[in-house]
Structures are given as structure tokens and as C-alpha cells.
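In what follows, structures are represented as C-alpha cells.
After this come two complexes, each holding subunit A, first together with subunit B and then together with subunit C.
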Partner chain A sequence: MTDSSRPSNEFLTEAQEVIEAFSHNLLELDAQQRTGDYDPDVLNAAFRAVHSLKGLAALFGAGPIAALSHALEGTLDALRLGKLALTPRALDVLFECVEVFQRLLAAFGEGREESDSIGPLLDRIAALSGVGPEPAAGASGDTIAGLDESILGVLTEYEEHRLRENIRLQRNLYRVHASFDLLAIDVGIETLKAKMKEFGEVITYLPSADSSSEDRIDLDILVGSHRPIAEIVAGVAEDDVTVHELSRGRTIAPSSPPRTPAPTTAPVHLEPEPTPSVPVDVAEEEETPRESIDGAISLRSLSQTVRVDLERLDHLMNLIGELGVVHANLGSTLDILKRRAHSGDVARDFLLHLRAMSRKLSLLQQGLLDVRMVPLGQVFDKLARVVRKLGRDADKEIRLSISGAQTELDKLIVEELSDPLMHMVRNCIDHGIEHAAEREAAGKLAVGRIDLRAFQKGNRVVIEVEDDGRGMDWRGIRDIALRRGVVSATEAREMSVAETLELVFRPGFTTRETATEISGRGVGMDVVKTNISRLSGMIDVDTEPGRGTKFSITLPVTLAIIQALVIECAKQTFCIPLNAVLESIMVREAEIATVEGHEVISLRGRTLPLVHLSRLFELPGAGGYVDPERIYVVVIGLAQHRVGLVVDDLVGQQDVVIKPLGKALRAVPGIAGATELGANRTVLLLDVGKLVDEAMGRAELSAPVKIGRPEVTDGP
Partner chain B sequence: MRQFVSSILEATGQWSVVEVENGFDALRALPRRRFGLIITDINMPDVSGIELTRYVRQAQRHADTPVIVISTDASDTDQKRALEAGASAFLAKPFTGKDLLNVIARAREGGA
Partner chain C sequence: MAREPGDLWRALDRSGESLATEEDYEHGYKREVRQDLERYVAFRVGVELYGLSIRQIAEIAKVFDVTPVPRTADFVLGIGNVRGSVIPVIDLFKRLRLSGERMIGRFARTLIVRHDDELYGLVVDAVIDVVTIAPEDLEEAPGAIAGPRGEYIRSLARIGGEILIVLELKTVLATEAFIAPGVRVLAKEDA
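Our next item is the complex of A and B:
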């Protein structure tokens, strides 16, 4: 990253965040609008987001973004002022703007001019303003009863509009007077604000300078509410607050002693009178505040966050990994030391320090991993937009319900997930969910449903995409797989339903044509599966014809550092992700049976297929056992599949930092990455998903259900 | 935007700048010291630029401090009210560094 690209990177991140916030606001409005009533605060937040974006874009010379946000700002202003109605059509245009903003931003980031002109979109935005302005709050012009001219005079146009709206909705108007200790004002305000929101709408805050003390600020809060004054007084009774009902000018003091003087905690008076100094106060909430120059404590900002480039975190992660190697090397040194004469005391000390180091190292590691975590909500918001748009394009009404948006995953994984998830959701809409008529004929609700769920399960995260559409027809899938030569006739005959469904993940199975033919799904699902496996994840599918389909993705929480089981096989060392290891067992050669040419053992009544690593990777000396009485088998499993890996020796457990493979190894199936162990050895990390597939592909032994012969044609 | 304004001011070498993030933070900053100039956006959540201006004008300490209100040219009403509340000048976005310095010069002449 060169220095000259810095400002633009800063712009990109910030603009991206603003656009995401805007999109989030729109989704909220979209949901609220369906119920008929929306929160004016959300609309105002959307307005402010675009306002910020416009400022940003103009500053960084992103012309088209500035132009679009300029046009959009005007429309949003009209919307929030009630001059325009928030119709589904208006929302469509707003959502379109989110997409275009993102394209423009990407183009700007790559230093190219976005080719498609924003002209047509600008026209559509302009057209919105032409369409039947909602009869604005009828009250305009008449006096606002009981309102002090001095209050009215400082309202912004928007605040005045909200005031009139509140009057139109026949709410009572209250002036809530509160006095805050300067140092605690943020907390005080937030608490009071939250309470007031329960009663109705906070129209504005009016600070007044006539407070008794220099350390306090008095605020008048203008609130519109249907509730009677007694309720509001009761609601804020414990605070340093008085409530006035504006229409009657009555004041009711709370029962608790009002206006307790500020607890005189030694006021820090910094009065060096730095002339001239300036509070520059341009409200872009999202901006990270710069440090105030004279370090006055009262100026510390509420938001205590910094933004960090992911590359820098990766760098730190690598350093931690290297520290781990140093740690392991120290361990070896200790072993050597122990063998020296008279080293007892020193060795003991050494060991003590080494243990302390190891503990701190793992704390450091965990800390850094936590920093990389981001909530999945970011991706889910994107998906919600896609559902909305595609649903309209396909003329299907779809309700998306999201749960677990706060579930956190490594930033890298979240980024990589967005394409596969997008693809799956698209499939749900294109192929899964039927048109309203078809749904009603099948006795379902006309509105289709997609559930997006995320939750933590042990040290993994599960994401489910479920629709209530027509489901997948396994017979159709099997026939197509047969026709395309993905499976042989014999294979097809012996496959279980579950195995047949798995075929949609096979490369070569899917094309657009077949997907519609079987009214099925799985367009490009092989790509989805590849993407997910690259993240060390697994994908499963479950479907019920006529009822819907559920895809479940199981992912590790992070990719950067994992706990691994270190094993040896044919004098080579490998790592297996520990979260995929179920157990390690020891068997005798005599316990190994051969079924249909595959080696298996019986583990607690279940047949466990065996895979010889040495044979799989064609390592020298493959075949024989080091000791036929002591054969180590590592049982690995993902989802419901289990496989036994035959290895020569178990070395131990270790945290390893995963490094990407060079080009030469990337194409080797079964290897997921490389890592370094002590003594500067590079070791390969096994790709458990692939190994399990490999074993399952060879030996379908534990398959519980067998499909009937192809000519059986029962059911639809 | 805020960074833009403060970088221009700092570049002149005449100002040391205190940045705050929103209206409430500004309220917290104001009683503690004297300022040579206050610049605020009109559109802030909670406490707007107009309300902030009124507050500044009420406060003894800041009664003579020039206040510049920045906004888009969206609303005449807002602009009028900001000036009525006691703002020394109004600056419409987008503006250049030169525009800003010109407005500051004018505001200081008129105000002080």
C-alpha cells in the first residue's frame, strides 16, 4: 500500500460503511412500511447517511457518487419532511441507489470510470419528486399552540415538520427539562433518550445556557406522546428532570427531590485560554474523532474504536505464529539442557518461564483472533437486499427472516461467504420458491419464505439457508446425473437419497438447463461447495419434496490459527485440524476387515471406513504397518460422516498458524494449507472435508437407505 | 468533512483546532474554555447546528464568538433560522478551502 493510496482507502472504507448503514436503514424502513407505519428517526438516519456520503464523495473527488448522493439527498429530504410519500416504488429506487453506489465505489476504488451512466437512475429519482406529493401535514401555517416562539425559531425545518406531525397525530407535547453533569452527559442523555422513546417521539433537544453551574448543562427535550403527563413524570421520576405539558403550561415536579445539586467531584478546571482555538464540529457521526489537541478530559469521544487494515492483522498473526515456533524451539533447547549435568535448577526455571510464555502466547493469539471477528449481519443485510430485488424481478413475494445476525466469524470468512450465500439465496428464489398461484394450489401461503439462520455450535458456526419452496426431486437429480455421466447406472441404483442429493455438489452435474428441467436447484452448487471447502467448511443439504430445502454450512470460527493434531505417516509430518478429530484409537491388524475391497473396522457397532494416508498421497513405504499390533487410527468426521485415518504415529497437539499454499500444492486434493512447526519444519495441513469425501466416494458402507431401482416410479 | 475543515484551519498555522463529534460533545466542550471561532454543521443528530448556535449566543462566555454554520443549500428556512439564532455566517456545501477562509475572515470582521 503506497502512501498516495491512503486517503482513497480511507474514503473507500468510510464510504462503504455509510452505504451499508444507509442500506440497513432502508431494510428497516421496508419492513416497517409493510406494517403501514415507519419510524421517522430511521428515515432521518437514512437522510443523514446520504448527507455524509455526499460530503465524503465531494471531498475525495468521487464525482458520480457525489452527484448521485446529491440527487438522493434532495429526495430523502423531501421524504423526511413529508413532502413525498414513502411508497414501495420510492423504496425500489432507493434500493437501486445502494447497488449503484456500490458499483460506483468499486469503480472508484479501482481507479476507473464506471461505464454505465447514472443518468437513468437520476431520472428515476427526479421522477419520484414529480409523483403525487402526500398531502403534507395539514397544519402548516396555523400557529402551534402553546409553543414559545423562541423554541420554534431554533427548530430546523425537519424538526418543525416532526413537531407538526406530532400535533397532527394528536399527541400531547411535552417539554422535558433535564440538568446534566457535564462529565456524565453522554450517559445521562442516552438513558433519558431511551426512556423518552418509549413514550413517543423525541422531536429535538434544546440546550440552554442558563444552568446554575459551569459543570452542568440544562437541556429541554421536546417530546410528542399520546401518554398523559402523569405517566411520563412517573417514567422519569428517579432522574433530575422536570416535565412540562406545553399545551397547558403546567409543571409537575417528580416526587423525588428535584434538582439535586451536582455531586461536587473536584472539577478539573483547565483554563489556559488557548487562543484562538476552535471546536470544529461538522456532524458526520461515523467519523473517527481526531485526538483533541490540548487533551482536555471532557473532550474524549464516546466511540473508542480504530479501524485497522486486515493486512496489518495478518502481519501480527504471522508474528505470533513465528513466536510459536520460537517457543517450540526453546522447548527443544530445554530438552538438551536437561541432559547436561548440573542443570537441574536452571532447567526448572527455564521450564517455568516457558510455561508462562506459552500461556501469554495463547492469550495474545486469542486476543488477536477476537479482533478479527465481525458479525455476519453485514452479509445478511446484503442478502436481504438481494431477496428483495430478485423477489420482485421474479414476481414472487418473499419474506426473509434472519436470525443470529450478531454471530461472529473471522472477517476473512465473512468476506468469502458472501458469494456462496448470495448464490444459494438466488437459487431459493429462482428455483425453490414457487409462484403464488402454484403455492396456493399446494395449500401453502402465497408469500414464500426464506430463513437465514446463523448460530454457534461448539467451536464452529452453522449457517442455514432454508426455503419453503418445492424442494428437490431426488429422482430427477439421479436421472440427470446418470444422463450426464456423473454416475454409472450401478452407482445410481445403489445410492441413498442423501447421496443422490449430494450429487448437486458434483462438478459437471449442473447446468442452467438441467436445473430448470428438474425444477430443481443446485445451479453452480459445485462452485459453492468449493468455496465453502476452501474455508474448511462443510455444506449439507436436506430437502422434502413440496415442503422446501435446507442448506447448512458448517464453518470454523477462524482460519488464521487452529489447533491441530500432529501426526506422522511414512516419515512425513502432517497436521489435522483438531476440531475435525473425534478421537484417536489403536487397533490391531486382525481387527481390520475388508468389505467390497475396502478396509473397514467396527467402532462401537458402526462400520468405519479406513483411509491410508500413505496410500492416498502415494508416499514411499506405503502398505505395511510399523507394528501390526499397534496401528493408530485417527477418527475424523464432519457433519454425519466419519472416516478413520491410518497413521504411523501421533506426535501431539499444537496451535498452528495457517499459511496459504504455493501454486504447486494448491491443486493437490486433501491438502488445505501449510504451517510451520518447531525446528523450522514446514508441515502440510490435511483437508478433512476432502479426505472424508474421498473415503465416502470409495466406500459407501454406512449408507443406511438404499434407493430402489430406477424403473420404480412411485409418487409424482 | 470535519477532517477537511480542521486540516485547512491547521494549514493556516493560525488556529489550533478542537474537533468534536456531535452536538452533545460540543456542549461538553464549550463551557470549559474560550474559542476564537466555532464551526458547525446544521444537520446533526439530536442537537442541531441551529440549537447549538442559540446556546452559544446565550452563554456569556461565548456571546461574541463567531459561529459559522455549514450545510447543503437544501433549506432556506434552516439557513434563515441559523442566522436568526445568531450565526455569523452560513457556508453552503460543497466549498473549497478558500471559500472557508473567506467566510471566516468576513465572520471575524463582522462579529468581533
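Our next item is the complex of A and C:
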């Protein structure tokens, strides 16, 4: 990475975040808009996001992004001022902007000009504004004429719009008078604001004309709410707060007597300048208190987060891994030291320090892993957009419910997950969820439902994608598999439902031509499975015809550092991820039986097929057993598939940092990555999922009755 | 070797360019001396002389230990660790399907090359020199040489009476060649 590319990298990540925030706002608005009423704060946030994107893009010379955000900013401003109605059509255009922003950003990142011009989109944005302001229903000047002139005179255009909106929604207007200690005003206002939000909308803050003392500030807050005055009084009950209802002019103060300025307050010497008492003066200062509060808050949040390139974290992770190697080397030095005469005291000290180091090292490792964790919410937001768009395209109304968006996973895994999840959600919409008419005929709600759930389970994270559609027809899948020669007639007869469903994950298995008739899924599900297993995860499917389908993905929390079992085979060293190792056992050659030419052993009453790592990998010099009385078998497996891997020796367990193999060797089946052990030794990490699949496939392959397996092209 | 980079006048003469004039400076434009001369690392594999642009080479290292990787093609020696990252190391002699006497010995080196944003190690018999070659001195590989090995040749240059073969890394390091023939490959990442 060259230095010149850095500013644009910063731009990319920051712009990406802004766009994601914008998209999140839109999704919220979309959900709220359906209930008929939306939170103006969210619209404001969207406006601010686009505004900062515009500034960023201009700064880094991303012309098209700046142009688009400029146009969009105008539209959002019109929306928040009520000059434009927030219709589903307007939202469609806004959502389209998110997609285009992302395309433009990607293009900018790769340093190429985005070929498709943003012209048509700009036209659509302009067309939205062309619709003209929606007549503000019933909000004539008369309705607000009854209000105090001193308030109306100082409202900004936006605030006036919100005021009209509140009147249109037939909310009561309240004027909440509060007095704050000058020193605690930040906190005071925030607390009060939060309380008010529960009741309605804060339209504006006005510094009050009648301030009681110099070290206090009095504010009038204009609030719109459906609730009666008594409820609001009860809710905001606090000293120094009074509530007036504007239309009726009733005033209720909390029962407690007004308090004099807190005696604990340190004396503040202000210049003896009189508090503004004329409305005109107030108008000028009207924005200031709020601005400064907002400013303080955003500054604070900025100083608490640091954006870090993932590469830098990887570098730190590597260093920690290498420290681990140093640690191991120190351990062996200690062993040498112990063997020397008269080294007792020194060795004891050494051991003590070594233990302390090991503790700190694992804390350091854990700390760095925590830094890499990001919430799944990022991906879920993206999926929500897809659901909205695809649902519309397919003319199906779908409700997406998300839970566990705060569940954290390694950043790398989260990134890699987005495609498979996208694919699964697409399947839910295309094949799972029926059209409204069909659903109603089946006695279901017309609106389809997709549940996206994430939760932690031990040191793994489970993600579930569930729909309430028509489910998968396992008989249909079996018939297609049979017709296509994926399975033989005998096989088909003997297959369990679960085994049949597994067929959709087979490469090359597709129900494409007949997908709509038999509700088959599985187009590209093998790719999903491959991607998931590359992340050391597994995927399961569960379906009930007519009721829906559930896919569950189980993933490790991180891939960066894992516990591994170190083994030796044909004088080479390999690592096996410990989470895939069920147990390690030692058997004698006499215990090995043969079933249809396959070696098996009996383990606690169950038959366990054996595979020899040396034969699987055709390792040089692989021969018989080192010691026929002591054969090491590592029982590996995922879910119900287990295999005994025959190896020459078990070396031990170790935390290892996984390093990718690079493009050229990534595709080598059965190898998941590499890692460093002590003494600068690079060691391969086995891909257990793949090896188990292979062992199973091999077993099937040579079974006598199996025929017509076109997709199997294994070597000898 | 063939040409001294300092031999400016000759280079200018050949390329038909002139030195910057006062006028050029007045216009704020300084004509650079040939920007397109490229430096190549020349190395020997078997009896042949090969070259790679110096921009493609990250480092020249002594031959280091590698860990063999099963199920890979015969030319893949294995993986090695270069400053914390794991890189594939290949034997160029086998990759180029050369035959004949091997001169591998204490002069052997591993060229660490950067291709497609990743590092690879290429074991060569000896590194000879760094030479400067102008683009007009490079010839397209004549079709006749092509045969099975032609795809690895990007261009040819004549260096002191010997032919230097500039390698095409795109084909030499084609990822699909790394897996041993007959091994089933994972489904492609993005379908």
C-alpha cells in the first residue's frame, strides 16, 4: 500500500460508514412510514448523513458522489421541511441512491470512472421535487396564529414546519419551562430531552426571557404530544420544571416547591450582563445553546473511536503469534536450564516469569481479538435493503424481523458472510414465500415473514434465516435428483428426509427448470455451503412443507487465532482445528475391521470409518504403521458425520494464528491455511469439513450399487 | 552489460528526442530523459537466461526451507515464510518444463515476486545481473518458439550476444496450474 492511496482509503471507509448510516435511517423511516407517522429525528439524521457525505466527497474529489449527494441533500431538506411528502415512491428513489452510492464508491476506490452515469437517477430525484409541495392539510396560518407571537417570531423554517405538523396531527402543544444550573446544563437538557421524547416531539428550545438568577439558564421548550397535560407533568416531574398547555393556558407545577440554586454549586462569576429580555435578541441566540450541546456530544463520541485498517490488526495479530513462538522457545530453554546442575533458583524464577508472560500474552491476544469484533447489524441492514427491493420486484409483501443484530463476530467473517446470507434471503423470497393470494388460501397471513436471528452459543455464533413460506418439498427434490442421475433408484428409496435435503448443497444440483412448480431451492446452495465451510462453519436446513424453512449457520467467533491439535504424519507436521476434533484415541491393528473394503473400528458401539491422512494426501514414504500396537486415531467430525483420521503421532495442543495460503493454493482441497510453530516452521492446517466430506464421498463412491454420479470427479 | 544508462546522447539520438531547451523551462515544462527504459533482473535457469522487470521483484533471497503442500503440482516446492506472510514457492526449472543439466547449487536464489497483489517465491539457478532495456529492443516472441512453452514468454531481448527471455508472470503463476492434476477443486468462490 502506497502512501498516496491513504487519504482515499480513509475516505472510502468513512464514506462507507456514512452511507451505511444513511441506509439504516432509511430502513427505519420505511418501517415507520408504513404506520403513517415517522420520527422527524431520523429524517434529520439522514439529511445530516448525506450532508457530510457531500462534504467528504467534495474534499476527496469524488465528483459523481458529491453531485448525487448534493441533489439528494436538496430532496431530504424538502422532505424534512414538509415541502415533499415521504411517500413509498420517494423512499424507493432514496434506496436506489444507497445502491448507486455504493457502486460509485466502489468505482472510486478502484480508481475507475463509474461507467453508468448518474444522470437518470438525478432526473428521478428532480422529478420527486417536481411533484410540488403537498398541501399541508389544515395547517393554515390561522391554526398557529393563536400562539404567542414571541414564539412564532423566532422559529426557523424547519421548526415552523414541525409545529404545523404537530398541529395537523392534532397533538396538544405544551410549553415546558425549565431552569438549569449553568454548570449542569448539558446533562440537564439531555435528560429532559430524553424524557420528553417519550411523550412526543420537541419542536424547539427557546431561552426564556425571565431568568431567575445569573448562574442559571431558563429555557422554554415547545413540545407536541398526544398525551394529556397531567401525564406529561408526571413524566417530567422534576424541580424547576413547569408545564403549560398552550391552547388552554393551564399551568401545572410539580408539587414540590421550587428550589433555590443548589448550594453545592461553585460560585461562578459572570459578567453582569442582563439576560436577554426582548424577543429579537432571543432570535439571534436561539440556535446557540442547542448547537453547542450537539457539538460537545459529537466531539466526545469522535474521540472515543478510532478507525483502524484491518491489515494493521492482522500485523499485530501476527506479532502476537510470533511472541507465542518466542514464548514456546523460552519454554524449551527453561527445560535445558533445569537439566544443568545448580540451576534450581534461577529455573524457578524463570518459570515464574514465563507463567506471568503467558498470562499476559493470552490477555493481549484476547484484547486484540475483541478489537476485531464487529456487530452483525452491518450485514443485516444490507439484507433488509435486499428484502425490501426483491420483495417489491417479486410483488410479495414481506416483513423482515431481525434479532441479535448486536451479536459480534470477527470483522473478516462478517464481510465474508454477506454474500451467502444474501443468497439465502434471495432464495427465501424467490422460492419460499408464496404470493399473497396463495398464502391466504393456505390460511396464512398475506404478508410473508422472514426472520433473521443471530445469537451466541458457547464460543460459536449461530445465524438463522427462517421463512414462513411453502417449505421444501423433499419428495420433489428426491425425484429431481433421481431424474438427473444424482442418486440411484436404490439410493433414493433408502434416503432419509434429512439426507434428501442435504442434496441441495451438492455441487451441480439444481432444480432450475422446475423450481417454481416444486418449490425447489438449491440453486447455488453449494456455493453458500462452500463459503460457509471456508469460514470453518456449517450449515443445516430444516423444513416443514407448508410451514416454512429454516437454515442455520454455525460459525466460530473468530478465525484469527484458534486452538489446534498438532499431529505428525509421514514425518510432516499438520494442525487440526481443535473445535473439529471430538477425541483422540489409540487402537491396535487387531481392532481394525474391514467392511466392504473400508477400514473401520468400533467405538463405543458405533462403527467409525477410518481414513489414513498419509494415503489421502499421498504423502511420500507412507507405509504401514509405525507401531501396530499404538495407532493414533483422531476422531474428527461436524454434526453427525464422523471419521477417524489415522496419523503417526500426536504432538500436542497449541494456540495458532492462521495465515491464508494465497490465491494460488487456496483451492487445494483439504487444506484450510497455514500457521507458524516454533523454530520458524510453517505448518499446514487441515480443512476438516472437506476431509470428512471426501471420506464420506469416497465411501459412497466405491459402494457396489451406486451408479450415475456425474459430479464426482475425484482422482484415484 | 549491454548499455550504460549514462549514455544519454546516444539514447537521445536514437529516440529522436532532444535535450530540454530554455524555452521548455520557460514554459515550466522539463522534458525528462527517457522515462521508458526499464530495468530487468537477469537470471539463469538451466542453460537459459531469463529476465523479470525489477518492478515485479520484491526481494532476492537465499533459498530457504519450505513446507511441502500435498495435492499440488510437481513444480510447487511448498510454502515458506517471508517476513510473516506465507507464500508459495515454486521451482522455475520444473515450471518451465526445462530439461537437461541442472546447475542448481550455492548460487541458487529465491526471487520473491509480486504478482496480482500477492507474493510468490521463484527458485532460480543463479541471479546474473540487472540490465536496462529500452522497449524498442524487446521483440515479441516469434510464433515459432511458441510450442508448449511459448505461453510463458512475454518478449525477448538480446543481451551481449545471448537471448534474454522476459517471463510472463500471468501464465507462469496461473493459479489453476498449482493444483495437482486430478484433484477436485473447490467450487469457485463467486458464482
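Throughout what follows, the second predicted complex is superposed on the first by the 449 of 716 C-alpha atoms of A that agree within 3 Å, B and C clash if a C-alpha of one lies under 4 Å from a C-alpha of the other, contacts with A are read in each partner's own complex, and residues count from 1 in each chain.
One rule holds in what follows: a residue touches a chain if its C-beta (ideal position, glycine included) is under 8 Å from a C-beta of that chain, and two chains touch if they have at least 3 such contacts.
Keep in mind it's a predicted model, so treat the numbers as computed, not measured.
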| item | value |
| --- | --- |
| Contacts of A:D526 with subunit B and subunit C, given as first, second, both or neither | second |
| First, second, both or neither for A:V626, with subunit B first and subunit C second | neither |
| First (subunit B), second (subunit C), both or neither touched by A:D419 | second |
| Which of subunit B and subunit C A:R48 touches, first, second, both or neither | first |
| First (subunit B), second (subunit C), both or neither touched by A:D77 | first |
| Partner chain in contact with A:E618 - subunit B first, subunit C second, else both or neither | second |
| Partner chain(s) touched by A:Q572 [first = subunit B, second = subunit C, both, neither] | second |
| Partner chain in contact with A:I217 - subunit B first, subunit C second, else both or neither | first |
| Subunit A residues touched - subunit C or subunit B, whichever exceeds | B |
| Subunit C residues within the subunit A interface of the complex | 65-72, 76, 79-81, 84-88, 116, 118-120, 173, 175, 178-191 |
| Touching residues on subunit A, where the partner in the complex is subunit B | 44-45, 48, 51-52, 54-56, 58-59, 66, 73-74, 77, 153-157, 159-160, 182-183, 185-186, 189, 193, 204-210, 214-215, 217, 269-271, 273-285, 287, 289-290, 292-294, 296, 298-299, 301-303 |
| Subunit A-facing residues of subunit B, complex | 1-6, 9, 14-55, 58-60, 70, 72, 74-75, 77-78, 81, 84-85, 93-94 |
| List of subunit A residues in touch with subunit C within their complex | 315, 318, 322, 419, 507, 524, 526-527, 530-531, 534, 572, 617-619, 659-665, 667-671, 674, 676, 680-684, 690, 712-716 |
